[in-house]
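What follows are several structures.
In what follows, chain A forms one complex with chain B and a second complex with chain C.
Up next is the complex of A and B:
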């Protein structure tokens, strides 16, 4: 019993505790620089390569939209889970979040991805939503499209042009079209 | 009909001591609790169904969200299972960094579990102290990964961010603070007579019963089952010369002391990792392919198993998760809460086995 009482007395007569008791002060509420917040724009020009949309794990969290002065990714905070993958995937450094961009430049890390389109002919009802929503090859050249309704069904014309942005998958009413994204985390050897 | 019990008392699903909803039905004679029965099913999320048909970069975030306390180990076991399917090698530096983040997560989980126990036995001073220490640990997690809980640090073939010299120095300084505090609190816990009255000899489970009920994690190790620690089979931990913490009493006190000792052990493991951190890359690349695997890892609460089947592009076809808490909850209700002296001891014994209901029901 005496041991316990001594411990408790020692616990409450520590100078640190007495100082805290008299001069208690809440730590200032500041966000540390390493906190991964919602991605923000750095001001660099977006080339609409859709890599951010390709890698985003949360449905409806990011969309690359065209404005009067060019393309820009837009983050929807209600859907974004602040994982920072879009920051790492962007080849043009358009987005930033915490120290992700800095760490990526320092470690020379990035992602490499390949895409495979597949259409389930039994589910597909040939509505053409995927062809209309696909953002690739919309500017003038009709041969540059990835998908087209032909011969009574969706045909994959140029699968190598696919950017893996999942827009077709999201807009398909039946989940008949699937984009497999095989992503690898890579690092360049230090110079 | 012959009356065998006086009253059947329900505890939960909403109870101030429970972190998550679960119901215990206690059959009592007077104040004495003869038997308990557990009732699950209040927070089913169906997360395994959501995972199907998705690639690793989406599933790793879902896997973390199975449990809000031990999220890092879910990420780690899932990613290591995918690496096992695809034959991806991890660079040594990344393997050590994974251990650092995993042990930080284990520390915060154990400190939270001990907070919960102290709060249940109404020792709110120690509970509050422990939550304060947990903040320091979470700050270190945030410094390395950018997030406090759902860190998403590991990817197939490596980790996402490297650790700099300044970060490592700050991490070690933070750990020194945690070590000093946890050492003091462990002694407070071990020497306090009030805590001993509520903890020593309450909810005792012998080694035979623990093996029979397949108790895992600190619950098993408190009943002298050191071989249930799966870190013994992990290659990086083997390199670090890991030996599990073990106690023989098997009561509430032992379970909490095992967790306190494991916090100290985690600190020394992190120091060892930072000291031996090899130079080199943190990502090796490698795409996920088709395959099937069952992979186990040691979560803060015990053995965590993932069964995964994937297609040629690395998408998940089938996934089943078995989490440690289901074994511990069963072991607790069958072998620990068995003829305990009061209803108040039921809540404290149940919390001492560190049940995680979010994991259990997924």
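Up next is the complex of A and C:
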């Protein structure tokens, strides 16, 4: 009995073992180069084309905001799922995340999207939230708006100007307006 | 913009469902009608006015009710008529935002115009109201979606909190929805006042169905906001506690003004109910429910308000102007309305028509009559007419009645 206790004490009180136990070190954590973090700004100028908002699959994750010195996309980390689609969709390379931009340039990939707006006139209250919140045509001519309340309902004036950003859909209180998006990935032929 | 074709409005742009219905209108009465047996017969405007004046002359305690759906010029004549007749004049706010007015009389009204809200409010609270149903353009014109001078990113710069007993359509687009147990508004408002006062430790785990954490979060949102616009509806004025709820809400706003800027306003219903309160106040000193039986203006809500006068079967003739009491009053009141001679001055037949003896159709202010109306924030707006029709305005009809009544009582 006593022999085995001594054996154990010898075994566990070895200096080398105690040192190893207390000063153990794992390999340092290194972010791998392919890791996609929340998208960050590259510093290039945003043209407010809303492609990032159009492609984003997570509600409330990205918004293009107006600042004194121009437009900038804002990422809301609580909502963003770090899919990187906004980085890929932006035609101006305003955003970056991991190696998305690099891979996109290398492979010459992009998105081609078409949109279809539909309004349920039965439930539409004509509160105008969609028309007012729509970011298209705000600064230019009034005729440049996508939506307007006239002739007894919300009318789609310029469907070709729709960017598919879904602002109208998100801000409709009774889901009276829906934006159907058909997006396909495209790749340019190598030169 | 209104499109007129062949003397009829065929389209109203930028109007909500409710606004469009007002402009396009239901079938209007062609001329005055008088009940005859089980049916109606057509009479002339002169006959209708004369019979109404006779009815009012013969009455000992006439009630002049409504006034919220007409212009202030007509409302002025209404007050003069009530004085000459020694009758009771009341408007629809006695069954609507009357409690709000009682609360304002107690603690004041820290309010502002909608323009201020549009340009400054970064936090909007809707309490006990559902503007998407009742004031559909409120959010897009003045609050959440309006591009403000200090809020260039409109809805992304603003936060909206909705408090109600059930999730409404406005709640669907709110940043925070607070579900209050029916009748629990007073307690929740008191809890928020305590939190704003710094007494977080006394708040129980849940107040009227609202968890403590949510109350803290709402209070923090309020304290961190630069400008708060608080709007309340009948959910606050007509639930348990009535004017005390509104008083508590006003006092919460008052507390918040120690930390930031905050304003509170009522979501008024009829387009000129505010005007009716203004006219009554500047002419008699009281906003609604004014009794001239003593020869001077006497005001005692609960005694001189339309519901009470009718429920006590006290009045013996009723002139209803631009409102629909039969659709909103308790059964006992409507029964009495059916028993006494009643005249309705309204462009459209409504539920009260069924209980009336005479209905006089008039021009609609803002469509075929011009006039002044007070917006819900107390801003008087001159309304132009877009059509010319043969219908006389409320002001014309009432003016003729008043002139005839004045003959009985020369000044």
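Remarks
By our rule, the second predicted complex is superposed on the first by the 166 of 191 C-alpha atoms of A that agree within 3 Å, B and C clash if a C-alpha of one lies under 4 Å from a C-alpha of the other, contacts with A are read in each partner's own complex, and residues count from 1 in each chain.
The rule is short, and it goes like this: a contact is a pair of C-beta atoms (placed from the backbone, for glycine too) under 8 Å apart; a residue touches a chain by one contact, two chains touch by 3 or more.
This one's a predicted model, so the numbers in the text were calculated from it and none came from an experiment.
Partners chain B and chain C, brought together by superposition on chain A, fit side by side with no clash. Once chain A of one complex is fitted onto chain A of the other, the partner contacts of A:173 are limited to chain C, with no touch recorded for chain B. Once the two complexes are laid over each other on the shared chain, residue contacts for A:36 go to chain B alone; chain C is not touched.
By the touch criterion defined above, A:18 reaches neither chain B nor chain C. Looking at the shared chain after the overlay, A:133 reaches chain C, while chain B stays out of its contact range. In the superposed model, B is the one of chain B and chain C that contacts more residues of chain A. Judged by the touch definition given at the top, the superposed model places A:66 against chain C, while chain B stays out of reach. Overlay on chain A (Cα): least separation between chain B and chain C is 16 Å. Chain A uses no single residue to touch chain B in one structure and chain C in the other. Residues 53, 55-58, 60-61, 139, 142-143, 145-147, 150, 152, 155-158, 160-162, 164, 184, 187-188, 191-193, 281-288, 311, 313-315 of chain B are the ones that touch chain A when the two sit in their complex.
Residue ranges on chain C touching chain A, taken from their complex, read 1, 11-17, 20, 24, 132-133, 136-137, 139-141, 144-147, 152-156, 169-170, 172-173. The touching residues of chain A, counted against chain B in their complex, run 1, 3-4, 7-8, 11, 32, 34-36, 55, 57-58, 81-85, 88, 97-100, 103, 106-107, 109, 112, 114, 116, 178, 180-187, 189.
For chain A in complex with chain C, the residues that touch the partner chain are 63, 65-66, 124-129, 131-133, 138, 148-152, 171-174.
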